[in-house]
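Letters A, B, C, D, E and F mark the chains as written, and numbering starts fresh at 1 in each.
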Amino acid sequence: MEILIDTILLVLLMITGFSIVRMRSLLAATMLTSIYSLLSASLFVVLDAVDVALTEAAIGAGISTILLLATIALTTDREKPPQRTPMLPLIVVIITGMALIYGTLDMPHFGNPQAPVHLHVAPAYLHDTPGEIGIPNVVTSVLASYRGYDTLGELAVIFTAGAGVLTLLGYRTRGGNSMDPGIRKLLILRVIGKLFFPLILLFALYVQFHGDYGPGGGFQAGVIFATGFILYALAFGLGNAQRLIPHQLLRIMVAFGMLLYIGVGIESMLLGGKFLEYNVLADDPVSGQHLGIILIELGVGITVASVMLMIYYVFRSRQPEGDL
Amino acid sequence: METVIYILSWIFLLGGAIFLLVGAIGILRFPDFYTRLHAVSVCDTMGAGLVLAGLMLQGGFSLVTVKLLLIFYFMIFTGPTAVHALAQAALQGKLKPVVDEHEQQ
Amino acid sequence: MSPELTVLACVALPLLAPALITALHRWPNPRETATLLTSGCLFLLVYSLHDDVLRGSRPAIDLAEPLPGLKIGFEVEPLGMLFALLASFLWIVTSVYSIGYLRSHHEWRQTSYYSYFAVALGSAMGIAFAGNMFTLFVFYELLTLSTYPLVTHAGDDNAREGGRMYLGYLLGTSIILLLLALVWTWSLTGTLDFRAGGILEGVVTPGVAGILLVLYIFGIGKAAVMPFHLWLPAAMVAPTPVSALLHAVAVVKAGVFTVLKVVIYIFGIDFLANIPVTQWLMYVAAATILLAAIVALRQDNLKLRLAWSTISQLSYIVMCALLVTPLGIVGGGMHIVMHGFAKITLFFCAGAILTATHKTRISELNGIGRHMPWTMAAFTVGALSMIGIPPTAGFISKWYILLGAIETREAVAAGVIIMSTLLNAAYFLPIVYVAFFRTPNDTLESMPGHNTRDTDGEAPPLVVLALTVTAAGTLALFFLPDLPLDLMLQLSGGSP
Amino acid sequence: MSGLLGLYNYWIVIILMMTGFYAVIARPNLIKQIIGLFIFQTSVFILFISMANIEGGTAPIIKEGIRLYSNPLPHVLILTAIVVSLATTALGLALVVRIKEAYGTINEDNIHVQDEED
Amino acid sequence: MLISDLPVLQVVIPLAAAPVCLLLRNPRHAWACALIASWLVLAIALMLVQRVHAVGTLSYAIGAWVAPWGIEYRIDMAGALMVLVVAIIGALVMPFARRSIEHEILEKCTGLFYTCYLLCLCGLLGMVVTGDAFNLFVFLEISSLSSYVLISLGSRRRALTAAYQYLIMGTIGATFILIGVGLLYMMTGTLNMVDLSQRLPEVANTRTIMAAFAFVTVGVSIKLALFPLHQWLPNAYTDAPSVVSAFIAATATKVGVYVLLRFFFTVFGMQFSFDAMHVGEILMLLAVAGILIASLVAVFQDNVKRMLAYSSVAQIGYIILGISMASAAGVSAGMIHLFNHAMIKGALFLAIGCIFLRLGSAELRDMHGLARHMPWTMAAFVAGGLSLIGIPLTSGFISKWYLASAALSGGYWPLVVLILASSLIGLIYMWRVVEVAYFHVPGTMMHKVREAPAVMLIPTWLLIGINLYVGMDASLITDITRQGAEILIGEALQ
Amino acid sequence: MFIAISAVILVAIAIGLLRAFLGPTLYDRVLAANMSGTLTVLMVAVLGFMTGRPEFLDIALVYVLISFVSTIAVLRVCGTGCGASRDPEADSGEG
């Protein structure tokens, strides 16, 4: 039954994918990309990957789409019709696809409980997490503790993206607090924005701190947090949003989150453990793990939220004044 | 009582599904953008509302219900807001509604 | 100073001299004095080793070992001693000559000229004293690179063109063929040391040895065996002193010296005698002798004729080496010295003519002997030596070569020697003839201005001094050949 | 053939991947390429998540009474990969904006033409 | 913090310095921060090499979670050498960077430049030391993303397209690696490289593993610019700021090669890679084609940076050629060349950076008679060039020598000739520069040109010095690479 | 039963997709996308019940937010700035 839904979703994804490639309107393609992302997120839910689904929805359907839109606003929304169908890419794609399909022939079948992935390493995570880490969400325990170093790397990637976008596009502060005429007309939007803004932030906090028990964690929370501010910026104008959270503050927060994460690692080293060994952070290993995970998730949340918001600011502040 | 709630929930769910389907057909079949807005509104309010209500009945009174309520709350606000904003943007973008069948041809 | 340190000093002194020369670059006189002093010291140092070597000692010193089995080290043996003596002595003379030549030509970049010259000499010393093939290769390449700026000294398109050819041929052959041979030898034997009797015997089959020999002989591009000889005429764009010292002595002799070293110390004469390829290569060398001589006949440009003659004469030495008999080796070694003196004299003369009259073509030299008697007298001595007529040095080396050829019953070699002697006569004697016995063209009289200040139209005194010395040396070596001969005999272990 | 049926969803995922890959390498429009990259990467994520799935399993959040959970490790990896993909997208789009400002176009062919003229 | 924490510290230090750099508003301070971090990394790298030499392979379990469950850092001799390469270049480039960057990059970007630089350094180091296939991907992305930014900072607008092209190619490569790692995981259930190598033989003859192998190889090959996947490289190196060209040219592709080595020998095992998949033959073919074609293309370039970039493609061919022989001698020759080429290219690009500072151009036609105005810079360039060609007593000679002898002992005859002949092509393109700089009459614009400042010359000459030192005494480096190669090959034989 | 509901939702999503693909105006596409968002939320909610783990409603909540914000973003960011009144698919503009 799940298989059925899974199949239908895959087919829908395929249709969406083909449409995206064919679309010559970039805006439409972006919309479809957003749908693609949502659909794949639904697929993740079907496949029991709830944390991933949450992240994919927030990042793929949310932030990526918004960034694409901002880029289209700064460039153009139309794609020149291709002059010819290039053969070489087609051949490359077919060869690659064939290689992959060839590779699938010896794969363990979908959902097979005897597949190697279910027999090695992972069972230990499932088995040991309650005892060693003491939280129910195994994804969080693997993410934050067993493979916490990957997560640090991931944070560094996001940090790099933030620094990179800032380097590339620079940052311009919006002068004036007047809202542009477009916004004045959208009274409803403003009301809704005002209504939702605190709710979203609250929800972000929930996702942040509930990550140990259910789907969620620093990344998702950070993105939702940023989404809240983006909504604010959409409803009240970039200038007002920038007054709410100024760029300098963002910059400090970006660095702070990173340093918090690394600091936890260094601290555990100073206390005689290995890098990122949370056990030594408190008297009892499990509460040490708890403390460590909360701290690093906080670091992740802060950095991700501020990087996302910073990237959005940077993109939008590139827009000519009148269009905001 | 249990059974009543159970049956009620399924009625809600089925009703919601029908509204969703109707709305979906509407968005496909209606002639122009403005009419399609109506179809979507059906989905957003009646369809979504009924389905969520059915689920609430299924879940009983717990954190689940709170979350479903929250979703419902969000939907009830965001749906119309989005549709409104969309309509306004379309108007601003000089999109003409199709007034008459003959005119269209 | 211990002999080991002396060896080191011999190599280091000219390599360090550029620092002094560059430091003095604003003051021409002290700068040239520095060059002269260095060359003088160098010769004395080299000479001081001579007795030891004759007594049979082999001063050796190792500096570094970049790769296992590959050492940078020096060892003096008779052949190297001979080459070092020749090069260091002629450097003094050439320095004197250069001063006169460059100043009268108002050449630019004289400082760098002297600097690179010193480096080139240092490289030549390194080649001469190299204790193993790797060291030799290093200095061989260094010599190429340090002479490149000298070849392109003029800096015009012509010079760059010549320079490219020079570098292309020499680096090309050395990297592709010689280096390949070295790597191969190393991977077969694990060493590149020079050892009496060779290092390859018993390790390789004659077939492989044959391929290796081909790689070595052609890889040593400086020996200018056809078909890798074209760089030599191309390098004639260099200033004359450069052509004189480098392309008559240091560079080309380094080439044939390397051939001799390889034949004696890498392959071993006895081993080589059993390889069929040796004979074929000897024929190639023989062909080069004749072909180059024929080409030389057709050259009107004096320096080019000399260059082609050099190609021909170099192959004498290669051929000697490939006769693989002790007498041949002696002949080859002797020919390095004898040809060095004679050819440098000839180049000096060509340069003197250029300086004095701005003439480069033989057809313009009618009657020049009357204006430049000293120069042309020296030229005659050089030419006779090239032909091998007593009482000039060339006779002695040819004699040994001929003996070697007869000993091995190589009729071809003997025939080639006789043929080429005739050809030598055919391309050198006409120059002597026109210089002394033709009436001068009127162009010579009407040459505007620059030359009339000189007495009798001779070149600057320093130039004349230098060429006189080498011409005298050519004669002297006929009467006193003991010094080189003793060394060579010690090497071959036999008696004449 | 029944054995092969267990692989069909991998095949669809591969088709999805190749769709995105094709858009990246065949389309001259830079934004389209970024979108293609996005689809390509998202499809790879689906591949990973598919392999984590276990028949009859449920999400890896430990709960009383549930014995079979899907594999949490690919989920963790993909969380990271999603973030990486976002970072790439953001940087790529920033570059696109700059390219548009510098060249006035975001069509690769036109850009090449302008580069040739430089 | 103890000496045992060194493996992780050297990655964490630049990672921690990056946000600090972001916070510092004064570019000078940011520079100082980056400088300190990079020199600390160098110090740690030296200690690491020494430690690995003393006690053998180091293993560090991050978070104290043991290997297949946690992420492991693993440094053997080859890894230590790579760390050293990256650290040397990273540290030497920094003092050079300040003047060069002030000249080439807008002031408001300089602080961010150092941030990205540190991230790139961190990413590269992380890739080298990690023992976990997925962690490798993460750090690969850190280094890649930051290098896209660094490249895009070049002064011409082409830098943007170059960076974009690199981004697309690089991301495709990274995604391929991700697919490959995914397939490997699918068949074995583990991500740890050592664990993988133990579990792979059981499933080695499945088609899935073959596909995984192909994807990893292609993905890494894009990163290391293996011919014909090198298209991003010439543009990127040409248009990036000089410092970035030097840093990336000397390190990024080398780390890519190292990753390839890791996968071939440690993860898949020599038997699978070379006997079953015949990757040796394929790589050899590509390497040969790359050496010849890229060298020839380099000859016709008028921009010196672009010329050096193509030469890099060719030189990567040499390294791959060594590896493709699949013998201890070959691999160690490849690694020697890897080290030497990093030093050579670093020095050459730094020299070009000096020239760019004074001349504002890297075009050959602007360099007429340059040697008289910038004698030290040009001397460094010539020395580097000679090393690139492989003249004796330079490091280039050592690597050519080893490559040639490895090819000989493997019986690859034509390769020896090719290796030697192609260094002649190197001679041609290097000599074009030498001729122009030394033997052409300076143009009128030349009068204003002065020698580069000492802070830039000294790093350049230090790198040249390393080259010359290795040329004189290669025993240290050959020792290290031999050990490294033996470990790699030995592991494969177990 | 939940299966039937999800199937209906999936069908509705497919229809929405069709509209998004057909256009003809940008607004139609946005509308369709918005509807698909709503439907996805419902599907996730239903799925949560179907798999017996309704606590995953968090995801549905995020979806609501995201789809709302994206819709607004399309209109605010590109609504007037991108010449949306013309349909790009219809005319052969250039990139």
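The definition used in the following text is that a residue touches a chain if its C-beta (ideal position, glycine included) is under 8 Å from a C-beta of that chain, and two chains touch if they have at least 3 such contacts.
Keep in mind it's a predicted model, so treat the numbers as computed, not measured.
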Reaching chain D from chain B through chains that touch each other, fewest steps: 2
Both-way neighbours, i.e. chains that touch chain F and touch chain A: B, D
Central subunit by CA centre of mass proxy: E
Result of counting contacting C-beta pairs for A-B and A-E, higher pair: A-E
Centroid-based (C-alpha) most distant chain relative to chain B: C
Between chain F and chain B, distance of the C-alpha-averaged centres to the nearest whole Å: 12
Centre-of-Cα separation between chain F and chain E, whole angstrom: 46
Between chain D and chain F, centroid-to-centroid distance (C-alpha), Å: 19
Touching two or more other chains - residues of chain D: 17, 21, 25, 28-29, 51, 58-59, 61, 63, 73-74, 77, 80, 84, 87-88, 91, 95-96, 98, 106-107
Residues of chain C engaged with two or more neighbouring chains: none
Residues of chain F whose C-beta touches two or more other chains: 30, 32, 51, 55-56, 58, 61, 65, 67-68, 72, 79-80, 84, 94-95
Which pairs of chains touch, using the document's own definition: A-B, A-D, A-E, A-F, B-F, C-E, D-E, D-F
Chain A contact footprint on chain E (complex, rising order): 1, 5, 8-9, 12, 15-16, 18-20, 22-23, 60-65, 68-71, 108-109, 112-113, 115-116, 119, 122-123, 126, 132, 134-135, 138-139, 141-142, 145-146, 148-149, 152-153, 179, 183, 185-191, 199, 203, 206-212, 214-215
Residues of chain C touching chain E in the complex: 64-68, 70, 72, 134, 137-138, 141-142, 145, 149, 152, 155, 159-160, 163-164, 167-168, 171-172, 175-176, 179-180, 183-184, 186-187
Partner chain C, residues of chain E touching it in the complex: 386, 389-393, 398, 400-402, 404-405, 408-409, 416-417, 420-421, 423-424, 427-428, 431, 435, 438-439, 441, 471-475, 478
Touching residues on chain D, where the partner in the complex is chain E: 17, 21, 24-25, 30, 33, 37, 40-41, 44, 47-48, 51, 73-74, 77, 80-81, 84, 87-88, 91-92, 95-96, 98-99, 102-103, 111, 115, 118
Chain F contact footprint on chain B (complex, rising order): 10, 13-14, 16-17, 20-21, 23-25, 27-28, 33, 36-37, 40, 43-44, 47-48, 51-52, 55, 58-59, 63-64, 67-68, 70-71, 74-75, 78-79, 81-83, 85-86, 89-90, 92-95
